[in-house]
Amino acid sequence: MSAAGTVVVERFESQVLRGNPLGDPHVREIPVYLPPGYDEERARRYPVIYWLHGFTGIGLSSIAKSLWTPTLPELMERVIAAGAPPVILVMPDGSTRYGGSQYINSPATGQYEDHIIQELIPHIDRTYRTKPGAEHRGVVGKSSGGYGAVVLAMRNPSVFGGVASHSGDMYFEACYKPFFWKALNVINRHRGIEGFLRAFEAMPKKARDAADALTILVAMGQAYAGNADGSFDLPIDVTTGEMRDGVWARWLEWDPVVMAERYADALRQMRLIYIECGTKDEWNLHYGARIFHQRLEALGVRHQHVEFDDDHGNIQYRYVESLRRLAEALH
Amino acid sequence: MSAAGTVVVERFESQVLRGNPLGDPHVREIPVYLPPGYDEERARRYPVIYWLHGFTGIGLSSIAKSLWTPTLPELMERVIAAGAPPVILVMPDGSTRYGGSQYINSPATGQYEDHIIQELIPHIDRTYRTKPGAEHRGVVGKSSGGYGAVVLAMRNPSVFGGVASHSGDMYFEACYKPFFWKALNVINRHRGIEGFLRAFEAMPKKARDAADALTILVAMGQAYAGNADGSFDLPIDVTTGEMRDGVWARWLEWDPVVMAERYADALRQMRLIYIECGTKDEWNLHYGARIFHQRLEALGVRHQHVEFDDDHGNIQYRYVESLRRLAEALH
Amino acid sequence: MSAAGTVVVERFESQVLRGNPLGDPHVREIPVYLPPGYDEERARRYPVIYWLHGFTGIGLSSIAKSLWTPTLPELMERVIAAGAPPVILVMPDGSTRYGGSQYINSPATGQYEDHIIQELIPHIDRTYRTKPGAEHRGVVGKSSGGYGAVVLAMRNPSVFGGVASHSGDMYFEACYKPFFWKALNVINRHRGIEGFLRAFEAMPKKARDAADALTILVAMGQAYAGNADGSFDLPIDVTTGEMRDGVWARWLEWDPVVMAERYADALRQMRLIYIECGTKDEWNLHYGARIFHQRLEALGVRHQHVEFDDDHGNIQYRYVESLRRLAEALH
Amino acid sequence: MSAAGTVVVERFESQVLRGNPLGDPHVREIPVYLPPGYDEERARRYPVIYWLHGFTGIGLSSIAKSLWTPTLPELMERVIAAGAPPVILVMPDGSTRYGGSQYINSPATGQYEDHIIQELIPHIDRTYRTKPGAEHRGVVGKSSGGYGAVVLAMRNPSVFGGVASHSGDMYFEACYKPFFWKALNVINRHRGIEGFLRAFEAMPKKARDAADALTILVAMGQAYAGNADGSFDLPIDVTTGEMRDGVWARWLEWDPVVMAERYADALRQMRLIYIECGTKDEWNLHYGARIFHQRLEALGVRHQHVEFDDDHGNIQYRYVESLRRLAEALH
């Protein structure tokens, strides 16, 4: 049996994303990791874990090699080598030209939830020797990927039986709102959103503060407050910086700590809910995780909540915690 | 006539602050600046401007000499030399052991508004040749001092006839709340507020992040949400970081952008309302100033709103703008 | 003719690097980019540009896709689409476990210059339809890659006929030495170099300050002051921070601004020498580039020296400047 | 006996500084602290400690009150209250329009050493009941003040019998040179030194990076490499950033780690040499202190060398260490 698994990069032509409002590609490169032994044990079927990249990531980010940071397949192989059951990993692509879709349906970005649930997962199940039941399918990610994992699982309990979130977006009050005004400073340098977007597109190198402003107001605005005509509403007045309560309320409908109660039954069906965050998270996500944990406790939802001593960046090494738990829970 | 004014430091024994809940001194050192000619023109009476120091400042901060930054009296003399009418300056002391009182009455800190309105101003009027009417008395400050100026003027239109705020605390949603979670990180390192306060008192050098945490949650909490027994309520759960809406609502009662409507009549009585803020303010106060400006517009309150290209630190040089306007409006 | 080129990843088994002192792999993954038309015009031969990755990079870094930053092949295609002659690109791998080899031979890291000059280039010329003369072969890189490009070209004028350096290491006095003492702070936290290296290897996530310390003292020390037994000498006393002039003099032998005179004849043989650096370079490399430029002027070496308004990070977009010039000079 | 000492501010008219090349005032305000009991015990004489302010400080900085940081007299009283013998403190003023003189004679700034040694100390001894011998006179300071203390003591062993340096400038290779290139970036934004100085003078608020550039290249250049005509030489080429070895050698003549051997006899005469520095010093001064310590060891000079866990800023609390030791050594 081969010691190492293999990676196939699927060039997936999405029907769902074709003609999406941002003009983003409907063809996505989606790596699929097949575990050691896949080719030899030709009758064996495997659980599948869907890994969702973070903001400004792409599906291929999972397999980009670098000097000191293992790829996701390498981390998976460590976990398997340490005794966990082998699984298939699939790394979808939820990116948009402005950074990311949060893996949800929005008239301002596209139907990213539908893309994963309705066409990608069936394709994977047709193409590879998967165990196709929800009890054998999990979803995991970090940051925006952790958010996507939690939201997709809550909304699709017949599809996913396990979910893990690493430093996922939660409690928007603490993880998004505090950064709105710095973002406005950047946007106002370009005389409003339109000028800002033009300037951003034209930057050969995306300035850090511009990318942050884009993330927090544009991309999140498109995800959480998109309109039927493809536009989106801002939760804040660009000039005065005053919150627009009505739009903000639409955002909060997508906040996992608010959604938890609505989706309590779905959450109770999960074989594994694993939530973790570093206690130095720059986006205050450890507070979001604590509040989510508290909500699940109150709702009587079985789950694991872990904290570790690190911040939000370069914490790929933490995936061994979720991959092992998911592999064990879903095999 | 002497070219330079003189500074007297009053050692003021406050009856109002005696026995204050934090055990802070009831004797305060309060510099009083008397303009050029005060000693010669012995029958002349002068308008008075009360200058309120910022957070962690004291009354004496106004006259501490340094190499490159003029003192407040030096700035006043520049303004007078450029043609403004001479005025008396008084620099009260609103400090507390945890940084500052915001110049308001609170059962958790002391009656700082009463101290200024009820005993300091009468003392000054008895002691110096002031023009004692409200139309000749102004109040100005920066940051917490700008906040104090606006709030004292709104609440005491029979005492103050002019007010100027430099980068004053306004729109608490943007100037305080975004910083709560970083403050909690510091507080939680010491296992809660009590441990944090003990650690803070023991620090021979106050760490910057600790001082920031103290400011934003402890000192502001004491000012805006003090209880009759001397304790105060936090607007956030220390552990989970979830906002406590009830306490936060008590804070908002003290937010100038909320207070404006309630005190519209008082504001309409002012001869001068001058509001300014730098467009790079680290505490997002330029947004607060814009919202306050918008509120005053809506209420039909005459005022001036100015922005400049700088941040929150070391902007003493801006005082020439307010001192000149106040001297001209109140003489 | 196909609009896009293709990328082949060579899995190159190096004889030169086998058994290298750091135990780094002797098999390296080396992407090779073949331009549009390569497969159709089967008799056509092409110039070759060797691209050298920067510190902590690897050969594969050149082709890792990301959302907002084009890959090196994508940049090359832009240049070709704009009219430049098509070229083959080769992306060698000069990484070591401690970050990088600077592409030179050292008894402490391995014979990286020999690897490229003696075995990789001949292999490429045997394998692909290259124009094999020096006048058709160039070398380019950024940061440590820019350093490697300049040093390899100076030392091998019979191999390379063109060289371009983006923000390359130069004038060690300004680009390395200023950072020694901060590096010592980190190293001393681990009680010296050995403890530091052990701690570094054990970090699941390499702390930024640790990676910087490793770069500036360990990796550069190994490259510039390696000893026959595989050890290396530090240019500074770890405890007192006093410079060791003898070791530092060995470093300076490898400083391009010092080497320029020694290799003046080689430099004069280049068809293109292109040196650029951003004027906000965090490692002060714009000063190094100016001094190198001044040296070349004094030596009568024809070259181009360009400055631009940016810093050291994420400046891949600048490669269009060098790729175009090299393609035109070497075709 | 009074529990607290008193502070007199001397308005000292210097003959030495009159007509100094920078046009700085020759009248300086110099606080003098007289210990508890000074007025009562009218025959008692006291040792004197001269405290030298740091860069951009002034003599009055020692007595400026603030909320959380004790003044120098307050620290002295703590030390006396804890049992140390009472001493007189004198706080000279060595400031210049560009930040500071380093307390040495220079044709580009003025004769600051002469000012202290030849006119201020005699004046103090005439005016107050001092013990006038060197064995009863000490000098202490932090940063540039620590530098001044060490240099004045080395050069005037007949005047000072004890010296203490807190985080004093030492080993210029590590404390000045690493910061030259960032300083050049600022200076070059203003097209050279003259434009930079004009811009600096015009800034109502001195930008941090401009003040740093002024310190490291202008003020230090004036102190260490002043010319007879009042000009000074830069140790670096403004445009290329290449070191000018001849000028740099003149700087090094003033480096305490270089001076130690030359002044070994003077150092051996001290009753107390106390050197301390925090191990996180941003200017790398802990390395300077270690090298100075090593030099004194090698020269057989008795001294104390202490390290503590802090950085360079706001470390006034450390003065209790030197004031106690000096009071005990000099009484």
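A, B, C and D label the chains in the order they appear, each numbered from 1.
Everything that follows uses one rule, which is that a contact is a pair of C-beta atoms (placed from the backbone, for glycine too) under 8 Å apart; a residue touches a chain by one contact, two chains touch by 3 or more.
Every value quoted in this text rests on a predicted model; they were computed, and no experiment measured them.
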Subunit A to subunit C, fewest steps along touching chains: 1
Distance from the mean Cα position of subunit C to that of subunit B, given in whole angstrom: 57
Approximate Å spacing (C-alpha centroids) for the pair subunit A, subunit B: 46
Distance between the centres, which are taken as Cα means, of subunit D and subunit B, whole angstrom: 36
All chain pairs that touch each other: A-B, A-C, B-D, C-D
For the subunit D and subunit B complex, residues of the former touching the latter: 29, 56-58, 60-61, 64-68, 95, 99, 204-206, 211, 310, 314-315, 317
Footprint of subunit B on subunit A - complex, ascending: 171, 173-174, 177-182, 184-185, 239-243, 279-280, 284, 286-288, 290-291, 294
